[in-house]
């Protein structure tokens, strides 16, 4: 249980993000919520790849103990690569969302969801 | 309490249950299976000549993902420039 | 190895790489002039179409084809898990890719005249090419994380294109709604992929499909994946973004955007039938599988009813068509749900065939209606139904095209919508007659909706403000005409399509074991 | 945005070369140490953005054309996909690492196990790192520049 703290942190981060997206009325806060969910998912991926006592999977002047016991002594590299991809995707989405928000503010003069809802259901 | 709030609360709690169970079922520090990663760690030096396991995956084994990632950045830049263009009214 | 075999061998990556290369080149090419840019985009897409034809011919005659990025065998020596990214192409992939390329080429031709006076067009064409790339990538890939990357590309590019008319507040709002929903959905997909990775240490679809145990984590992953992808496909409880996005985007974009929706729908199919195919067929108890299938059928009936009823009360032309699109997606899911209840049994197979065929027909019919709406907007600068009338006098061709679209979308006989809906009705009648009656009634209501639209837009007295409305330019007529020709051909000879591309697609969906065997030979 | 004070500008002038050199180092050694094209590109882009903040977006916007930066980004992306196509032409498969072992450049294969940093290894990976690095520097800088300039225009002020 206590060793699962990273996973619980993931869940807490996803909750906080979802709370912000579902219940906050400010567009910027919604975007912050999406960013937090994304960090939670990234943390989830990284946590999946951790092997107890592992070092980075890089052989440039790696400690000889780790090389001798490889691959058991190195953390899993695939989740790190996936997280890298996911971070860049997050930056792109964030850039687009923020520029949309700037335009919405220019048009409506407010960031409150309740006031800008011009599209009918 | 509007309808929207109730729906949001229900969705929120269902998702919460899912994620909590997920967190309790996984174990930290001991991956269940590591076959693919072990292969990559052991073969990164003689297959691709790269010392860094992560870079090998990013640019060689899963290079196509990285192309997609570069595409996403390209799309975001194009999108931002397009959104901020001067519009003739 | 002669050059034809060489092209066939390398066509799966080239289908994605050629439009991607074109997208990267478009900002440079558009510095020359506009005509060169338009021709460049069209030629690149035509090359892609040619490659798709070559690959399709090969796959339909020789069976599933894989391509490993970076070379080598699918499996490294002594391993049971593919390490590299892989494309795996079977009949279903080919079917979806054909739909996408038809939509893309017609959309580009339509854009020539429709978008002529706008600015920012070099970015517009760049992003359209990226969107097409992402759809093709989603439909060809055999790797889950790769699927996620292309899903995100389609999310970003469609959001940017929905917001193309930045001076309108509504389109910004629709784009924001779309990007919030689809980025959260994509994050759920990523979380589910993480769950698969944690259990099986694999990202390849066939490997996961082979290894799947259907434990608790797999069930969570299934719920997250289906929720996220059905949200992007616009199934009913999560359809709220769809009318906004379809209604506010430029019509040429909406036409291609429908393809992106269908690509997500393909994701749902691939997950239900292939990745969880083994689990549904062998591991899961009958009771809980029936729950999932009836859940899908109930959702699709709700989609049909809500789509049609909401379409009745709309006053905006494009939003009305968008709600009709919601209903059509319901029909697709209806066919698929009935197909899931009875895999292999006679009427289940017919239903699956009908559902798969209806994907194609939905894209064409709804697309044609959006193009007509765009043509009317181009000519009159008006989208509200109340302010239009008597346009049949000035726009003869558009009127004819609209009639064809109207009859096709409501499933009237000599058109293609009839062919696929008949298959769905026929099979669902054997499952439960009441459901069939509801589906038929909804279809008739849809006809009523569009006949009302037809009267208020094209018939009636000529309004003075539309006195000098002219017929739209030639490229738009060519685009709409091409779709109409395809619709009529498919309607007159449905068996031609069903036998050649729909039947292989449906049987490829059901046959998950050969999908697995192609990657992992020797696994039962 | 207007210019910041002289102290800020001087300090950013002094630190700018160091940030750029560090970013380029991370890009160039992507195949040997933690890092790579994306990370190094982000570092270098943040150096450029520091100058943007110090000197004000209007000043920078006049000095640097957005279209030119956007061309750089296209070139980076083209370089990346070009390397992939070269893999198809020279190595026989899309994304093949055709330079390792039998190329002209970056062709050394290190000994298995812990080694010293040998720059001339890893085949096409350093080339891809450079392409992605150029792309990320140009891309992130363009995004921030466009957004900052747009928010400083008069029509955006309420």
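Observations on the structure shown:
Order of writing sets the labels: A, B, C and D. Residues in every chain begin at 1.
Keep in mind that, in the parts below, a contact is a pair of C-beta atoms (placed from the backbone, for glycine too) under 8 Å apart; a residue touches a chain by one contact, two chains touch by 3 or more.
Given the structure is predicted, the values throughout are model-derived calculations rather than measurements.
In this structure, the chain pairs C-D and B-D differ in their number of contacting C-beta pairs, and the larger number is found at B-D. A separation of 36 Å divides the Cα centre of chain C from that of chain D.
Rounded to whole angstrom units, the spacing between the C-alpha centres of chain B and chain D is 21.
Distance between chain A and chain C, defined via averaged C-alpha coordinates, is recorded as 29 Å. Chain geometry summary: the mean Cα position of chain A and that of chain D are 23 Å apart. Across the assembly, chain D contributes 32-34, 36, 38, 70, 74, 77, 81, 84, 94-95, 97, 110, 113, 115, 117, 143, 146-147, 150 as residues in contact with two or more other chains. Listed for chain C are residues 13, 20, 24, 27, 69-70, 145, 149, 152, 156, 159-160, 163, 166, 198, each touching two or more other chains.
In chain A, the positions touching at least two other chains are 14, 48, 56, 58-60, 78, 82, 84-85, 88-89, 91-93, 95-96, 99-100, 103.
Chain contact topology: the protein chains form a complete graph, every chain touching every other one. Listing the residues of chain A that touch chain B in their complex gives 1, 3-8, 10-11, 14-15, 18-19, 22-23, 47-52, 56-60, 70-71, 74, 76-78, 80-82, 84-85, 88-89, 91-93, 95-96, 99-100, 103.
Every residue of chain B that touches chain C in the complex is listed here, in rising order: 18, 21-22, 25-26, 31-37, 39-40, 43, 60-65, 67-69, 71-72, 74-76, 78-79, 81-83, 85-89. On the side of chain C, the complex with chain A involves touching residues 145, 149, 152, 155-156, 159-160, 163, 166, 169-170, 172-176, 179-180, 183-184, 187, 190-191, 194, 197-198, 203, 240, 244, 247-248.
Chain contact summary for the complex, chain C toward chain B: residues 13, 20, 23-24, 27, 69-70, 76, 79-81, 83-85, 119-120, 123-124, 126-127, 130, 133-134, 137, 145-146, 149-150, 152-153, 156-157, 159-160, 163-164, 166-167, 195, 198-202, 216-217, 220, 223-224. Against chain D, in their complex, chain C makes its touches with residues 10, 13-14, 17, 20-21, 24-25, 27-28, 67-72.
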